[in-house]
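The same subunit A turns up in both complexes below, where it pairs with subunit B and then with subunit C.
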Partner chain A sequence: MTADLLVATTLVGLVAAAAGAAAPERFRARVVSALTAAACACGLAVALDVLRSGRAAVVHTGRLLPLGGLSLALDRFGALFVAISAVVAICAMVFRLGYDGHGFSSRTASCVLPLFVTALLLVPAAASVTTFLFVWELMAVTSLLLVLVDHRRRPEVAVAAQWYAVMTQFGAAALLAGLVLLATHAGGQSFAAIASGSSGMPAWVRGTAFVLVAVGFGSKAGMVPLHVWLPRAHPEAPGPVSALMSAAMVNLGVYGIVRVGDGLLGGGPAWWWLLVMGLGALSALFGSLHAATSTDLKRLLAYSTTDNMGLVLLGVGAAGLFASTGHRSLALVALVAALLHVVFHAMFKGSLFLSASSFQQATGTRDLDRLGGLLRRMPVTGSLFLVGAGAIAALPPLCGFVSEWLLLQALLHGLPSSDPSLAIALPVGVGVLALTGGLTALTFVKAAGIGLLGRPRGTQAAEAGEVPRSMWAGAGVLATLCLVFGVAPSLVVPAVLDAARAVTASRVPGPLVRGWDVGLLGARGVLAPGLLALGLLVAVVLVAGVRSALQRAAVRRTEAWGCGREMQTARMQYTATSFGEPLTRVFEDVLTPAHDLDVSHVAESRYYVEAATFHTSLDDAFERHGYRHAASGLAWWGRLARRVPNGSVHRYLAFGLAALVVVLVVLG
Partner chain B sequence: MTGAWPLPAVAAISVLQVLGVVAGGPLLVGLMRKVRCRLEGRVGPPVHQPLLDLRKLARRERTRPDQASWIFSAAPVVLVATTLVIALVAPLLATDPAFGWSADLFALVYLLLVGSVALALGALDTGTAFGGMGASRAMTIGALSEPALLVAVLALSVPARSSNVPTIVARSLAHPAWLATPQRLLSLVAFLIVIVAESGRLPVDNPSTHLELTMVHEAMVLEYSGADLALVKLGESMRLVVLLALFADLFVPWGVATAPGVGHVAVAVVAIAAKVTALGIALAVFEVAVAKLRLFRVPELTAGAFVLAVLAVVSALVVP
Partner chain C sequence: MTSAYSSTLTLAAGAVLICAVVVLWVTSVRSVLRVVATQGFALGCVAMTVGVHMGDAGLMATAAVVLGVKGLAVPVLIGRAAGGAPDRERRPLVNVPASLVASAALIVVAFAAARGVATFVGATNGALVPVGIATLLVGFLVLVSRRRPIFQMVGLLLVDNGVALVAFLCTAGVPFLIELGVSLDVLLGVVVLMVLAQRLRSEFGDLDLDELRELHD
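On to the complex of A and B.
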């Protein structure tokens, strides 16, 4: 039954793609959205069934793919990710009905979008190396095509897609090498064969494969220093695609690291997990710092994705570290916290990206320095963005708080420890988690405060109006889930716990309390989010009631005070750049902003300034120091290599002979 | 501990805590103002002057800048409401208050953050230069002081194996030796710096300044008037009391009632009032002695608090 539904998911997805290619322009958006959402509904049904019953959905056909056929097996761990992707994709499809991005209704885009969604749903179900690499590459290529949709009108799209193409293929090459290494040593390419054969592999094989796989999946998850494509590609993608990429696709990077590290290899030595934790901590800090100083709304969200995936990897690394030092129960708690954060991140980041795309559609810009006052002009979308911002800043009673709390608990209960690796890693992890939290609060006060509140900073923002209903409905479902999961995390915690158990094959009892609250068995005190929300609600009603009882007169609207000046203009407000300026100063050594002041003088006298322009920019340090050098090195290598084939037939014959000799020597 | 407390006692303690924080906030601010004035050779307004101010403001008209949205009016309410919830669940008088099992230290820190975020959003909603300036500065200071508080809290939770405040208080009462460990002392200093930064006192922010260029908190609340301004002032003073009372709870827990009984609770009320008053006077004396820091030196102070707190966690490993 569940296996049939899994097949149905694939088939409906393919039908949707065909419909996208065939349907006339008038119905295209509606037909594609409906069919893709139907495929997602099938996927969600399978995932929920697997999560409930624990029986894997298995499909195997020998004919569809070369080298071993198509092999799918969805267990509870994979089902969690399928469920997340399906929910985000359904909301994105509802959003898509009202969205009119440039070129997004073209035949190609409409054909590729369902393929991308189907690939997203199938990656966690793949059960052999070839199947996995096939759907993984399908996902990478289709998402690349979708990023490219608007490349004719805006040249920066092509640049972003170039970065994405290089990084995703680099990641795929690392994955291919790592998985093939495992498959050859296991003597079979199905995941089951690798899992049963992995314990007998030599340590260097396991270590090399893990590092290769972590690099491949890490680049998809936006892990620093492989993140450079993410803040370029996610903002340039059309609205629904950017939400799918940032809320669903990045998760699969985490899926892969956990699936291979904990599942196929059955855990590993401490250094693996210290590596994951270290890179996670770096990603969290670097991402949150850049998000705090970004002024492009979608770029800010993209950097915050790097930040959040960093936190998830921090949890995954801590879980592995606990397991390798014998703290089985804590390992499970840390993994649950990390996976819970994946679920919640998908909800709030999906809603934030969809609302940000609504703002972009209504105002034509995503530059925060040109927005402002949108909450009064777009009350529904604005409120949804506020909910998402509150959730990502981990404000109770929204969902982000619950997963951060649980991660803090896992780190707290790991202390005090006599194990040196834990003793170093845990305080650093706590510090990073706390610092990221503070920076995220600043980031989203900036995003919501500058973008939605105050006066509009441009005519486009001043004339903006509410977007079509389907657009805010799509974002609204995700924002509602942020609130629901924040108040009643017990709706998801058991499923996440089952998923974590499924992948680690953990038999530890507990370790979380049952019921409405979240907490660790054996530790006094729990987090009672429902009670907290109720308390806050009562307090707010009480205080507001007292205020209106004391002062019955209506609130008078007045001119804001401007030091005695009569006129207040929007240009007197702080912008996103000025809001983040103090922080840029504090972290000047890390961010190294570039300032450029151009003063031109009046021809008659140098003492009179004619015009002054000030330009400040903040680019990615990894991009500037690492990638630019690597790119120029590659270009140099290319120029060098170009000299070798100079057109002379003699030289080519010599190459042939040399190659033959080498082959004979190696084989002989 | 659990279950030993009869329901009326728990209810009475909760009401006492909330009323104490609501009334104690303005009184503490008045007292600190009085101490500062006396040290500077002035007479100063009476201690209960802030209460009179609140009564006056509550009857004045509320105004709202013409461009502001509902966020502007909601912010003061959220500020006071979050502080009320903290006052209700924190073990200020007894180790087992109502809902004490849910009084998680991290949750309390994040509730404080909700209040700060609400106020910053309200400031940005005014659409003026001052609102943005205040919000930007306050969030920059907060971006470093909130983490310091969080890590300091974690260092305190490690020996108790729980981040539940009543548990931490009860266990430190049972093991007084804990109070002199290095991690306690380090997190104590970090906590103090955070209190100064969060409540906008000298040397981070001057609460009595009216010079625009140096304002942080005052710049954020410039546009509030009438009952809204009363709520902002009340909320700020309540936050100060709650932070000082939590500090007293965590570092000098003696006096908190561990068993039910009118006598115990009476002792607890006197003890917490004395501790908060003493801390308030100490803070006021300190304020007279120091000058305000340049804005761009403040992050050094809060970053220092953060480093101290991380050191506290590290030393929690050495001294279990």
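On to the complex of A and C.
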């Protein structure tokens, strides 16, 4: 039954792609959205069934793919990711009904979008190396095409797509090498064969394969220093695609690391997980720092994705570290915290990206320095953005709080440990988590405060109006889920616990959830989100009541922060740049800001300024110091190599002869 | 009987290789065409000998095709392409003595490389496989070292003859249909090169492929 539904998911996805290519332009958006959402609904049904019953959905056919056929097996762990992708994709499809991006309704884009979504749903179900690599590459290529949709109008899209193409292919090459290494030593390419053969492999094979696979999946998850494509490609993609990439696709990087590290290889030595933790911590810090100083709304969200995936990897690394040092129950709690953060991140980041795309469609810009006052102009979308911002800043009673609390508790409970690696890594992890939390709060105070409050900083923002209903409905479902999961995490925690048990084969007994409360599997500490929400509600009502009781005097309306001046303009408000400026100064060495001040004077006197323009930009330190050098080195090598083929036919023929002779000598 | 077969085969195959080396030696277009025709004839004899020995009618038909195409049609066509062009390869990229030395080295490489093949083909045929590979390598050397398009065509033909010789010896004959196809391909290649040569002459006045560097990206 579930297997049939899994097949149905694929087939409906393919039909949607065909419909996208064939349907006339008038119905295209509606047909594609409906069919793709139907495919996602099938996927969601399979995933929920597997999560509930624990019986894997298995589809195996000897044909369709070379080398072993198509092989799918969806267990609880994979089902969790399928469910996330399906929910995000359904909301993105609802959003897509009202979305009007340039070129996004073209035949190509409409055909590729369902393929992308289908690949997203199938990656966690793949059960052999060839199947996995096929759907993984399908996902990469289709998402690349979707990023490219607007390349004719804006050249920066093509640049972003180039970065994405290079990084995704680099990651895929690393994955290919790692998985093939595992498959050759296991003597079979199905995941089951690798899992059963992995314990007998030599340590260097396991270590090399894990590092290669971590590099491949890490680049997809936006792990520093392989993140450079993410803050370029995610903002340039059309709205629904950027939400899908940031809320669903990056998760699969985490999926891969956990699937291979914990599942196929059955855990490993402490250094693997210290590596993952270290890179996760670096990603969290670097991402949150850049997010806090970005002024492009979608770029800010993209850096925040790197930040959140860093936190997830921190949790995954801590879980592995706990397992390798014998703290079984803490390992499970840390893994559940990480996976829970994946779920919640998908909800709030999906909602934020969809709302941000609504802002972009309504105002025509993503530059926070030109926005302002949108909460009044677009009340629904603005409120949804606020909910998402609260969730990502881990404010109770929204969902982000639950997962970050659980992660923090897991790290803190490991602290009284005699193991030196734990004693060093955990305090650092706690510090990173705390600093990142603060920076994220700052980031979204900036995004919401500058973008939604205050006065419009440009005519586009001043003339903005609310977007079509389907657009805020798409974002609204995700924002509602943020609230629901924040108040009642017991709805989702048991499923995540089952998923974590399925992949690690952990035998630690006991539920994490008691009634409405989230516990810690034996360790002390309980989170009662229901009570917390109730308390907050009471506090809000009390404060509002007291305030209205005290505020008897007539309200005097006057210009706020007038400072005695008349004729204030909107340009006098704080901007996103000025908000982030102190932080930029503190972290000058990491952010390497470039300022450009251009002052022109009046002809008569040098003491009078005619005009001044100020331009500031932040570079990605890894991009500037790492990738640029690597790229120029490659270009130099390429120029050198171009001297060899000089256009002479005889020289080319000589290459052929030489190659033939070498082959004969080597093989003979 | 077997020894007559073996010596006929050795003679014919040897003639194929000797013709290939002679192509490197002569510079006149007219004599080169005669050498190529001789080689095609020798190749046909190889096929015919193997065919008669195995009693394989298909192989004999193939041999007839080879005789017709490679011994007659192709040399005539190339000769027509040469038309009124100057009659000699005046300054080859590698001069004649050097290319003869190089061909000797290539033949050694071929014999060294073909040891493996010789063990699983029958004794007589296996011993002759290196001859085919050597012909192929020498043909490649002609392609690399000669400037005139006519010689390029001849080099291509030598490569093809080498491949065909190995095929006849190793598998005791390729299927008739495939050999027919390959021969027609060679014919087509020659026609294309002919057209190219005439175009070159009308565009540049002279025929030197090394002048074509403008194609370089």
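FYI, the second predicted complex is superposed on the first by the 616 of 668 C-alpha atoms of A that agree within 3 Å, B and C clash if a C-alpha of one lies under 4 Å from a C-alpha of the other, contacts with A are read in each partner's own complex, and residues count from 1 in each chain.
In this section, a residue touches a chain if its C-beta (ideal position, glycine included) is under 8 Å from a C-beta of that chain, and two chains touch if they have at least 3 such contacts.
The structure presented is a predicted model; accordingly, all values stated were derived computationally and were not measured.
Peer 1: Using the superposition on chain A described above, determine whether A:647 touches subunit B (first), subunit C (second), both, or neither.
Peer 2: Touch partner of A:647: subunit C, not subunit B.
Peer 1: In the overlay, answer first, second, both or neither for which of subunit B and subunit C A:517 touches.
Peer 2: After superposition on chain A, A:517 lies in contact with subunit B alone.
Peer 1: Contact-wise, after the overlay, does A:613 reach subunit B, subunit C, both or neither (first, second, both, neither)?
Peer 2: In the superposition, A:613 touches no partner, neither subunit B nor subunit C.
Peer 1: Per the contact definition in the header, classify A:605: touching subunit B only (first), subunit C only (second), both, or neither.
Peer 2: The answer is neither, since A:605 touches no partner chain.
Peer 1: Just to be sure I read the superposition right, which of the two partners does A:405 touch: subunit B = first, subunit C = second, or both, or neither?
Peer 2: The answer is first: A:405 touches subunit B but not subunit C.
Peer 1: According to the stated criteria, A:527 is in contact with first (subunit B), second (subunit C), both, or neither; which is it?
Peer 2: It touches subunit B, and subunit C stays clear.
Peer 1: Can you give me the overlap between the subunit B contact set and the subunit C contact set on subunit A?
Peer 2: none
Peer 1: Could you please specify the touching residues of subunit B with respect to subunit A in the complex?
Peer 2: 58-71, 73, 76-78, 80-82, 84-85, 88-89, 99, 101-104, 106-107, 110-111, 113-114, 116-117, 120-121, 123-133, 135-137, 139-140, 142-148, 150-151, 154, 157-158, 161-164, 166-167, 212, 222-223, 226-228, 231, 295-296, 299, 303, 306, 310, 313-314, 316-318, 320
Peer 1: For subunit A, which residues are in contact with subunit B within the complex?
Peer 2: 292, 372-373, 375-376, 390, 393-396, 401, 405, 408-409, 411-413, 415-417, 423, 426-427, 430-431, 433-435, 437-439, 441-442, 445-446, 448-450, 452-455, 517, 523-528, 531-532, 535-536, 539-540, 542-544, 547, 550-551, 553, 555-563, 568, 570, 572-574, 578-583, 585-586
Peer 1: For a test of understanding, state which residues of subunit A touch subunit C in their complex under the given definition.
Peer 2: Where subunit A meets subunit C, its residues are 645-650, 653-654, 656-657, 660-661, 664-665, 667-668.
Peer 1: Quick one: in the complex, what on subunit C touches subunit A?
Peer 2: 93, 106, 109-110, 112-116, 133, 136-137, 140-141, 143-145, 147, 209-210, 212-216
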